[in-house]
Amino acid sequence: MPNNSLLKCIVFDANGKFKKISSDIQKTQLILKHDLLPRDLRKIDKGSDDIVPSILVREHSILLNILHIRTLIKADSVVLFNYDQTFSNDQLVSNLSQRLRNVTNDKLPYEIRALETIFMNVMDNLNSEMKVQVTVVNGILKELEGHIDMTKLKYLLLVSKKLQQFQQKATLIRDLIDETLAHDDDLVALYLTDKKKGTSRVTTDHEEVELLLESYSLHCDAIVQTVENSISDVKTTEEIINIILDSNRNELMLLGLRFNIGLLSFGTLLFVAGVYGMNLENFIEEKNYWFPIVCTCSLLTCGWIFRKSMHRLGQLTRIQMTK
Amino acid sequence: MPNNSLLKCIVFDANGKFKKISSDIQKTQLILKHDLLPRDLRKIDKGSDDIVPSILVREHSILLNILHIRTLIKADSVVLFNYDQTFSNDQLVSNLSQRLRNVTNDKLPYEIRALETIFMNVMDNLNSEMKVQVTVVNGILKELEGHIDMTKLKYLLLVSKKLQQFQQKATLIRDLIDETLAHDDDLVALYLTDKKKGTSRVTTDHEEVELLLESYSLHCDAIVQTVENSISDVKTTEEIINIILDSNRNELMLLGLRFNIGLLSFGTLLFVAGVYGMNLENFIEEKNYWFPIVCTCSLLTCGWIFRKSMHRLGQLTRIQMTK
Amino acid sequence: MPNNSLLKCIVFDANGKFKKISSDIQKTQLILKHDLLPRDLRKIDKGSDDIVPSILVREHSILLNILHIRTLIKADSVVLFNYDQTFSNDQLVSNLSQRLRNVTNDKLPYEIRALETIFMNVMDNLNSEMKVQVTVVNGILKELEGHIDMTKLKYLLLVSKKLQQFQQKATLIRDLIDETLAHDDDLVALYLTDKKKGTSRVTTDHEEVELLLESYSLHCDAIVQTVENSISDVKTTEEIINIILDSNRNELMLLGLRFNIGLLSFGTLLFVAGVYGMNLENFIEEKNYWFPIVCTCSLLTCGWIFRKSMHRLGQLTRIQMTK
Amino acid sequence: MPNNSLLKCIVFDANGKFKKISSDIQKTQLILKHDLLPRDLRKIDKGSDDIVPSILVREHSILLNILHIRTLIKADSVVLFNYDQTFSNDQLVSNLSQRLRNVTNDKLPYEIRALETIFMNVMDNLNSEMKVQVTVVNGILKELEGHIDMTKLKYLLLVSKKLQQFQQKATLIRDLIDETLAHDDDLVALYLTDKKKGTSRVTTDHEEVELLLESYSLHCDAIVQTVENSISDVKTTEEIINIILDSNRNELMLLGLRFNIGLLSFGTLLFVAGVYGMNLENFIEEKNYWFPIVCTCSLLTCGWIFRKSMHRLGQLTRIQMTK
Amino acid sequence: MPNNSLLKCIVFDANGKFKKISSDIQKTQLILKHDLLPRDLRKIDKGSDDIVPSILVREHSILLNILHIRTLIKADSVVLFNYDQTFSNDQLVSNLSQRLRNVTNDKLPYEIRALETIFMNVMDNLNSEMKVQVTVVNGILKELEGHIDMTKLKYLLLVSKKLQQFQQKATLIRDLIDETLAHDDDLVALYLTDKKKGTSRVTTDHEEVELLLESYSLHCDAIVQTVENSISDVKTTEEIINIILDSNRNELMLLGLRFNIGLLSFGTLLFVAGVYGMNLENFIEEKNYWFPIVCTCSLLTCGWIFRKSMHRLGQLTRIQMTK
């Protein structure tokens, strides 16, 4: 028994005109009218958090669930679920309306035109999201090449997670299209108008819809490949950053050891000074000019060591990946 | 020869009424009555520690082994193994009883209704476990973004192991459903009532059970995809944490080297002081105002270095991944 | 031309009686009698170091090579190669003998009963090895959670290698069974008795052997899944140990830097003391009570720093993964 | 409705003569003439940034999109899109022209000769790019074996990214060829001349084109395998570099600790000197020969420690992978 | 048009007699005689650097390209390319000659005997290379268990690269055999003698060649599995070495911190000594026995610390993986 909570949807008629339906009574009628099963409604109600897209081909309808679009296509009407008035100037709605009106007198049947418009919208969405994702990833990778720091790494984490989610989404859509393409009977079953008219089609007579889906499969595959390319770039960069940080660490340790050696040598001076402290009175204390000489020499030496060290350290601090 | 240890089970009759059976004599009868093989019993006896789910379709029965459910479905009865009275108010038992009674006059045959109820229960179980797992993982990942510490990492280990076990479990169930869907003869063989009546079905006449399994396959796939998403998030976070810890380590080393340079410079002061110690008597000792000047200056310098160092160290201590 | 080196084997006759054959002459006869090819003999001679299991179905025999078992099954006899008298009280030999005698009047033909006994033995072997391996792995992982040290890590290496070898072994056996199950003609060809009698079977008439192999495939898959579970646990633990060691290292470095800061501050005291050393005579040396005050204060401070440091270090030393 | 922006292309006639076409009017005619769909044009317009290659077989034409080549093959003409006059001395254009003229009186039909020339060009391109990539990778890996430094690691990152993109590209082309080879109907559909003449071919009569594609599939597979080999070399080297850097770091730490021990021992000397400082007056100060002895000994010791340390450090600095 | 560069080859006639052919004229004749295509020659000319093996079955010949062997098999002759006189005592040549002469009156046709001999030679080659590789890998892994040092790690890199190349090679050969086995028509097409005689075979009549290839597929699979086993051992060892080096590093840092604490404590002594330096004159300087007591005590303490430190460090220096 379907739950009667509010379900907003937009219904297109055979001429592409659309109206918003959202009251309860109309909805129950709608369900009865469109042979929906209770479990279909559950899917539709779940909103847009559904990862796995699906095309369910029924006797007189196609139930499509892809990205944010939940739609029911019949031979003479299309229902877009979870859409309300605010979407009426949405691109999908206007495209659908125009394409279903069939101004160009396309020979494709009503349901295939609806399918095409929806897939075109899905591909446009995927394509623009892909462009954003890839641009963002390339940007952060380029910045990391310039300098590796914490903030950029944290941002890379965020970007990397989103990229993988997007890849999963696009891959599932491509697999869905390929799966549908692989089954001749599913392809033929998409011709709802013919089934309604009672015209029986041979299982292999589905060239238009095959060409259509093939083209979207190619398009979707191109998106998936581009994203996989980006993910592979991220992985490679991560690996090399790891090695570069390691290598940098070793150089820092080397420098530290050089300082230690410096300290040891300096210690000698200190020691001699300490020993001097007691004996100079015996030897040199009388000759006063020894004091400023020793003092100046050691101060100069220290200053020189200090400058050299700071310079060397400055070189190691900038961990850039580009020259 | 079947072992005769105690085996508790609940038997549903054709009208959905159920009774508990557990004494030895009844059990041996049960086995004879239901054409069970000794090796089936062994499987049932193993309890709920079985990883691989299975649907075995026999001549007059379906033996289902999935999650904690071990059940034998026939055309007019259902046996739930390893269930006793305490389960009589369990949701599976009550749902099965209600569905088998068929109040809504569903046209689906008895055995398909039993299958549907069991798969619905399995999906509900998987779904709630998934929600718990994903919530826990997201929680720990969010906390790790705030601060990386040992306790959280140890907890991540636990959570990560459980997540992978759950993914394995859900994937095996999805694969089982898909495997069954891929074989037309298996699907037709599920119609036990027809086989009992002697009605022969064509191999392709199995639409109801196909729709049913397809819907559960989609549902299960959505669970698997969500979990894989989570696992991929864990992996990405681990990789970035590794790089962040590395990067943090390099900064700590840099700071250490800056301290060393400070030490070297400070050493100069010490040295001069040491040299002073012997000569001041000759030069400045007479002018007492030199002592507080030198003393105050160096103390102020040290205090300033100390504050700066502690501040810089404090910045590096907090390894947060969010700004 | 077969090489005539000594080949020990046990031959079972149609009634399950077995005798040991090992002399050269008997062996050559045996080879002629059983239509073995020279290259089969080479396989048999290789001993038990063979990784890839195989089922070769010939016109009148089945040549089975699985785990340590190399056997030739005919319609009325079974030959176990590389077995000698010392094995006569081995479980496989006694089980085979009992099953071939067919006390329970099983309707399965001779060769299928032989196959079943051998697979049952193989599964028992795999199952007990799996239990040992998984227990050992869980043990070492639990110990590593308690404390990470070198000895445990080295032991993990050994255990991990063995686990992967076992997984490979079990997976190959499962794949062999699945491969056989996937070919209807192979399954039918297993019925040697029928072929001998000249009874021709339809390609799809192989239910008994299919049920049998299906059951062992499930069993073997359960073993493989359990082992993969363990391997995934090892991998996850390794990754988290890596991060924990990294995180621990950073904390050690932080502590080291705190010590350095302490050293710097302490240096101030030393410096002041050095400066004092020369001037006290002028100011405070006359007031003797200053000496014990300065002495006691600095000693107390040092003692306090020492205690705190040792305590903090002690906390970082124990790298436990459980609370 | 096709967009009418400028589209440059080269058209070959049945005798291999070619002319450049780029004006708008001719283009629209071209589209009508060649049964192109608007969405094909979109693909062609995209330029050479397309990752996924495709072979679309239409009723009277083959639309090929592979690497930088976008071409339409018909039974009596070939159109190369995105090519203009400047390409007229390009190797592909001259090869195509020569092969289509069919000087050697090849029995292959026009369209297969066009296909062969294009694939040969594609393979030549892939092959030369592979050789460059592999040479560059081997070079950088060899240099890294000699010494690991930042610049080489950064270069490895660049090279590694390009290698993976190339692998993706080559793999997609190989998969496209294999996919086409796997479908008998696609292979037969490539014979446009026969279709034009109305000669119907049996589905299995496509030996020439099969041999052709098989040969290119082998060639392409060889390229893919070589590249995967290189990628695997890069991965292995990265892993070993990581371990070598780790191992080097541990040795550096060991050396650092040895220095610390040296410092501790040296501290003893300092301490004794300090203590001496006050008491020598009582004991040895009178004997002046003690001073140069103590001084010289400690200076010699320090010098020796300094030399040894610098030498040891120098050994660890060079992290070479070859002896 | 075939290029006429020198091509050395050995030709076997129907009786297994072989002669060397290398002059240009003979070669062109050879090509005409054996229906070779120009692109086949290109493949043959490439020498032995070809990664992907292939079996090309033509109307009257089989062109085999596997490991270093490039051969053309016909119903009454075999041509080994790239072989010259110096190979005449090569094992492949002598085996081929003997097997083709067919002394044992084998019922296998000429071409199958040639195939068998070549595959046997290929398997022998793979097998000996596998044994060498696995021995070398096990050796270096065992040595790494004893002690991890740079030289061994560098050697592991070399060995690991070679192992992966070998795995790729063996896997490609196994896949080639399996691919051939999977196509009934390819198997039947191997019977050149029958095709020459005009005897037509049914597609399923290829038992001898199937048994033969099956046996080599098994053999090759065993090699692949052994190598994968080795590679997995290398991977596992690398991972554990990484963790062990990390763990060792942490222990080194702990030790370093303990030294620092020692330094701090020792600093106290120094400080007190410094303070003493000025006051002892007031208090203890009169009692001369205090000096040797303080001196001896501190020297003993230092000596004890030095010994302990060196001992502890010595323990951490040896990073062994075995007890």
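By written order: A, B, C, D and E. Residues from 1 in each chain.
The rule we apply is simple: contacts are C-beta pairs under 8 Å (C-beta built on N, C-alpha and C of every residue); 3 or more make two chains touch, one makes a residue touch a chain.
Each chain and its UniProt protein: A, B, C, D, E = Magnesium transporter.
Being a predicted model, the structure only gives us computed values, none of them experimental.
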Q | Same-residue or different-residue interface between chain D (Magnesium transporter) and chain E (Magnesium transporter), half as cut-off | A | different
Q: Provide the C-alpha centroid distance between chain A (Magnesium transporter) and chain B (Magnesium transporter), rounded to the nearest whole angstrom.
A: 24
Q. Centre to centre, by mean C-alpha position, how many angstrom separate chain B (Magnesium transporter) and chain D (Magnesium transporter)?
A. 38
Q) Among the residues of chain E (Magnesium transporter), which are close enough to touch at least two other chains? A) 242, 246, 248-249, 253, 256, 260, 263, 270, 274, 277, 319
Q | Arrangement of touching chains [line / ring / star / complete / other] | A | ring
**Q.** Successive chains around the closed ring, taking chain A (Magnesium transporter) as origin and chain D (Magnesium transporter) next
**A.** A, D, E, C, B
(Q) Which residues of chain A (Magnesium transporter) touch chain B (Magnesium transporter) once you look at their complex with the stated criterion? (A) 39, 50-52, 54, 56, 148-151, 153-154, 156-157, 160-161, 164-165, 168, 172, 238, 241-242, 245-246, 248-249, 252-253, 255-256, 259-260, 262-263, 266, 269-270, 273-274, 276-278, 280-281, 285, 288, 291, 294-295, 298-299, 302, 305-306, 309-310, 313, 316-317, 319
Q.
Quick check: in the complex, which residue numbers of chain D (Magnesium transporter) touch chain E (Magnesium transporter)?
A. 145, 214-215, 218, 221-222, 225-226, 228-229, 232-233, 236-237, 239-240, 242-244, 246-250, 253-254, 256-258, 260-261, 263-265, 267-268, 270-272, 274-275, 277-279, 282, 319, 321-323
